[in-house]
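Shared between the two complexes below is chain A, which pairs with chain B and chain C, respectively.
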Partner chain A sequence: MPSLARLRRRLVEHRTPYLLLLPSVAYLLSFTIYPILNVFYLSVTDLHLVKSLVPHFIGFGNYRDLIWNDPDFRRILGNTFIWTFGSTTLQFVLGLTTSLILNARLPWRGFWRGVMLVPWVTPIIVVGIIWRWIYDGSYGLLNYYLTVVGLLNRYVVWLGEDAMVWPALLLASLWKGYPYMCLMLLAGLQTIPEEIYEAADVDGASGFWRIWYITLPLLRPVATIVTLVALVLTWNNFQMIWVLTEGGPAYATSVLATYVFTKGFVFFQLGSGSAVAALSILVVLVLCVIYGRMLRVEEREP
Partner chain B sequence: MKTRLTQRGLLYGGLTLVMLFTLAPYAWLVVSSFKPSTEIFTRTPTWLIREFTWKNYVWALGPSGADLGVYFWNTVLAAGATALISAALAATGGYAMARYVFPGRRVLALSLLLSPMFQGPPVMIPYYRILSALGLLNTIPGLVLVYMSLTLPICIWLMAGFFRGLPRELEEAALVDGCSPVGAFARILLPLTLPGLAATSLYAFVVAWNDYQYALILTSSTRAKTIQMGLSELLTFLGQTNWGGVMASGVLATLPVVLIFMVIQRVLVQGITAGALKS
Partner chain C sequence: MRRMAVIATALFLITVLAGAALAEAQRPVTLRVVFPGTSETEKQWSVKLKQTAESKLPGIKIEMMYIGWPDLEKKLSVMIPGGDVPDLVQQQEATTLVAMNALEPLDAYLARPDSPLKKEQFYEGVWNFSLYEGKAYTIPIRAISYGLIVREDLLTEAGMKLSDLKTWDDLKRAAKAMTKGTVYGYGYPLGLPRFAWREGPYIAGYSNNFDLSDTSEVTKPRYLEMLRLFKDLQPFMSPTTKVMGLREAFQAWGLGNIAMMPTGDFFVANLYPINPKILKVSRAIAYPKGPSATKPWSPVANVGWAMFKGSKQKEEAWKALTFFTSLENLTEESAMLNTPARRDLDMAKLGESAARFYPQAVEENRRIINDFVTNSHPIGVPMRKIVRREEMEVAFQKIMIEMLDGKLTPEQAYDRIKAEIDRIKRG
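Moving on to the complex of A and B:
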């Protein structure tokens, strides 16, 4: 076949890069691509960690059960949006503010930039230890300080009350996640040439207006991409919620990401858990297409 | 003049607030880890240590306490192996991405860039099944196999960036002098990217060290449980345990990561921001 011959010629012609990349590509195919496809297959089976170790095809039953028969699913879906947009918005606002501060001329600027990243490198379990203690109902720092300034007249079990658990979770997520956002935005800010500001100085623009009319519009492409990435990473973020609340109380802070784990490894329903994962991936795919498009636009611009 | 002063005031005020928010929770962890439990369980929290003690650290590592030694050792092995293998594959793969044009290059570049978007819960169940089929559940090689999915894409990006930073004339000169392409790569280019390669592998080490979610589903005993799992066990039995000891364990688990990070910060930040923003 002519196409086969052409393929062979191509392989021979480019053999050096192909050989160099072979182990990496083989790995990525089996541990990144295959699992994504596999989860879609498992989602239409009855795979169960105890009852059915061999998957049998059962059609769309898992999806049907989730959407029509699962009383918690709707709430979990809603939570996923609160979590994703709440976290990302907060992280963006603080990340942007901090990046503007750390981009200004400051003594010890490099040092502050390093310190800012500490929460980002802290292992998630340690983040859990720190914030569980801050939110503790009897000895927690938050209760103490809020009472001292008079904002609170009783001690609250922050991670145990339906009304308090979301603000608590989002604050901890802000602490852990804003440095990444700030880091990316800071990189974006550094690509804005100094001369633009000098021109603005001549025109008499200063301070706030300089940021509003020059910095922010020029930062917009970077900010959009970073926000999109953060949305997806938060959407998939199981660890932050798990170390603080394990999705509780009841399902109050469960999102799709934690529900995959609850279904699969707490209730052993791997098939049903895969259906949750597959639904979650579909949303991520949509966001990825947008991301891919934007990268291409970015490439064309200069 | 007046606006300049207000601006400076706002700037320093903002910096102080952000740094307080960032460091206070952390400082609390460190301070508490040196306190006896009578000082920890107080209604009025104090930031000063009245009676300094190492007892919590002894508890964290000692056989009569949390006995975290074996967890640390497992993590060193898993993260170390992940770092070495990632570095080796990223050196060759990154070189190919930086220096060659070949069919499939764009697709590969895009998949490397997108792969972080599919980590964690979406692929947890398949990973469990794969390792189960390979008989690698609850083993360190099993963990390494999965950890590579977190590290390899970014490591290849980082290394490609380092190779791009080197002038092409270097290899061309070596080839003219009779060096084979492999020789030019191994003897000329690789030594020049050695600092970058070291940073790349340390980055992989940190990522593997910090993993919690995969260890949670893939390990079940001290045969392979990592330090994050050790800590999470302490948290589960929180009611009965010694908070000071938990805090000390947290400090110990964070220490290597923060130290490594301080060393590689500059390189890493450059690589990561470039990887995500300039494709």
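Moving on to the complex of A and C:
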């Protein structure tokens, strides 16, 4: 009873900030927490719209079927890792390189910074459609220009050949995603005091050593956050893959996000589709925890 | 003074409430209508249909949602469990929706004495396709027939005539002869599951007297013949076959890169916006007879309007549905696409309407539609209604890709197809 009274007193004393927080909390509960809980609930049912609109509890049956009996699930999980880590690594490398260039004193720096943002502000669907045409196996620009300069002697079906489809997807993802990395890292670069570089100059440090011993360590906090955000966003990225390949041909480029869509809205298997979604949430949570732990270990090392 | 204020307030509230009720009663009913298609022509027709309906049906507004056929099921699968169903949908094969108990049976509406629609107005085979367990769930708008589109000019250059294409061996010979340079003898849109199933193997299967969902021992030899046919035709297919959807296939046809392709009588509607000139040299024939067929079949289906059980405005929806399927609208729509579903259409008026849709290819459109009607209708067999066809299509596409990639022999592909289809049927 005393704690209830204390709670009531606290609510009354701080009613204005709590009232201001209420819409955000309500939104979060309605559009984030409730759907996630519903996904976990549906994942333990056999809901299949063609059979019945009433879900029945089946325990971990969907999960067992996915992990042990679904021949496509393991491949799709592997694709998701390729897509996520490949995209993020490439975006980070190009983003860092570009941010170092744009941080330097170069002519028309403002203009180049603006141009760099164009891929990021272009809607992802538009980007996907443009790249689909660039990669077209019969009429695409990439085939045409590579043939003209003599780098190709036959047209390549970029989105159809096993060896080429993932490099093609990662290139499109790199083009779309690197400006975000660049922007965040550029902001981080601008917080590094100039005096540190001046002191390094006095000690005779060259360009590479300045970057290795000064820039990168001081950029680590920003790089950590921006990489983690990119990992999570790419893990859940549905639109780029769907517009380019729809996860095909034959699941070759399917990732967990597109598999959820296929299971739920093509096959009408909402129970099984929810299990895929739930597994996806769990895997990405584990990745985030591992990532955070690795960084804390590095920070503790001298 | 106080009493006057109370009376004035009461009068004000009564006036406001009465006004609101009157406004509510007079507010037009908005019907949500889903119109699927694949061509620009169909999209423009959907806009015209909406405008005409709103002008002819007082008190009814139409919210027309135009989407591609492959996206139709995905859109509905989101709407149905969410309880956010539209009122009307144009549907080609309603098996899944009927199995989900999502559609309203229309027999009671048809039986009304004042109903302008009666089943006797429609061709029998076309009407029967709308029946599921004896109940009518859609009102047919158009009949769809399937066959083989051929570039007659390229066939002539190869020293053959349309009448020479009678068997699958003739088909392979023609495909080989017509493949040169940037022209491929046989088009197969393997890139999307729906078309990987239908625009090729399904039509070929019918010409060999079996349905792709039938994996019984009786059909096994015919199934293997069909798989071997596609393996034999592969050298004459474009390298982009694996990523080609139907739209890309029509684009390739329009650019003159494909010489033969199995498809339906929506061919003209899709090709006209791309390249109307190519229709001059395009003809439609029945798909050549398979080796085990006693006589070839051609799959026929229909497109029809259906009403959702969850519609809260069924009377208005029925009114709109009868307007959409009126003689005048069906004449226009049949002129735009496919072939007529109703017996009593004025064919002269249909020809005039077709000329408005396809002014640069009046004769060509008439000829191609006539080709379908003459060649495919007489051997038309209604397409089987298959529950969970969408899952079968995905599995089938995957296995066809593996077979054409050389990872499976036709025999191995058959075993895998049978295992997958049987698993899906068992549920």
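The rule we apply is simple: the second predicted complex is superposed on the first by the 284 of 302 C-alpha atoms of A that agree within 3 Å, B and C clash if a C-alpha of one lies under 4 Å from a C-alpha of the other, contacts with A are read in each partner's own complex, and residues count from 1 in each chain.
Please note the rule applied: contacts are C-beta pairs under 8 Å (C-beta built on N, C-alpha and C of every residue); 3 or more make two chains touch, one makes a residue touch a chain.
Every value quoted in this text rests on a predicted model; they were computed, and no experiment measured them.
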Touching A:Y251 in the superposition: chain B (first), chain C (second), both, neither?
-> second
May I ask you to name which of chain B and chain C touches more residues of chain A?
-> B
Which of the two partners, first being chain B and second being chain C, lies in contact with A:G86: first, second, both, or neither?
-> neither
When the two structures are overlaid on chain A, which partner does A:V157 contact: first (chain B), second (chain C), both, or neither?
-> second
Which holds for A:V243: it touches chain B only (first), chain C only (second), both, or neither?
-> first
Given the touch rule stated above, what does A:V115 touch, chain B (first), chain C (second), both, or neither?
-> first
What is the contact status of A:G264 with respect to chain B (first) and chain C (second): first, second, both, or neither?
-> both
Using the superposition on chain A described above, determine whether A:G177 touches chain B (first), chain C (second), both, or neither.
-> neither
When the two structures are overlaid on chain A, which partner does A:G137 contact: first (chain B), second (chain C), both, or neither?
-> second
Once the two structures are superposed, pull the chain A residues common to the chain B and chain C interfaces.
-> 138-139, 261, 264-265, 270
Which bits of chain C are touching chain A when the two form their complex?
-> 73-74, 77-78, 80-81, 96, 99-101, 190-192, 238-240, 242-243, 252, 255, 257, 387-388, 390-391, 394, 397-398, 401-402, 427
Complex contact set, residues of chain B against chain A | 3, 7, 11, 14-15, 18-19, 21-23, 25-26, 28-29, 32, 40-45, 89-90, 92-93, 95-97, 99-100, 102-103, 105, 108, 110-130, 145-146, 148-149, 152-153, 156, 181, 206, 209-210, 212-213, 216-217, 227-228, 231-232, 235, 238, 243, 246-247, 250, 253-254, 257-258, 261-262, 265, 269, 272-274, 276-277, 279
Taking the complex as given, what residues does chain A use to touch chain B?
-> 10, 14, 16-18, 20-21, 23-25, 27-28, 30-36, 38-39, 42, 94, 97-98, 101-102, 104, 106, 112, 114-119, 121-126, 128-134, 138-139, 141, 144, 175, 179, 183-184, 186-188, 206-207, 222, 225-226, 229, 232-233, 236-239, 242-243, 256-258, 260-261, 264-265, 270, 273-274, 277, 280-281, 284, 287-288, 291-292, 295, 298-299
Chain A residues touching chain C - in the complex, by the definition given at the top | 48-51, 53, 136-139, 155, 157, 159-160, 245-246, 248-251, 261-262, 264-268, 270
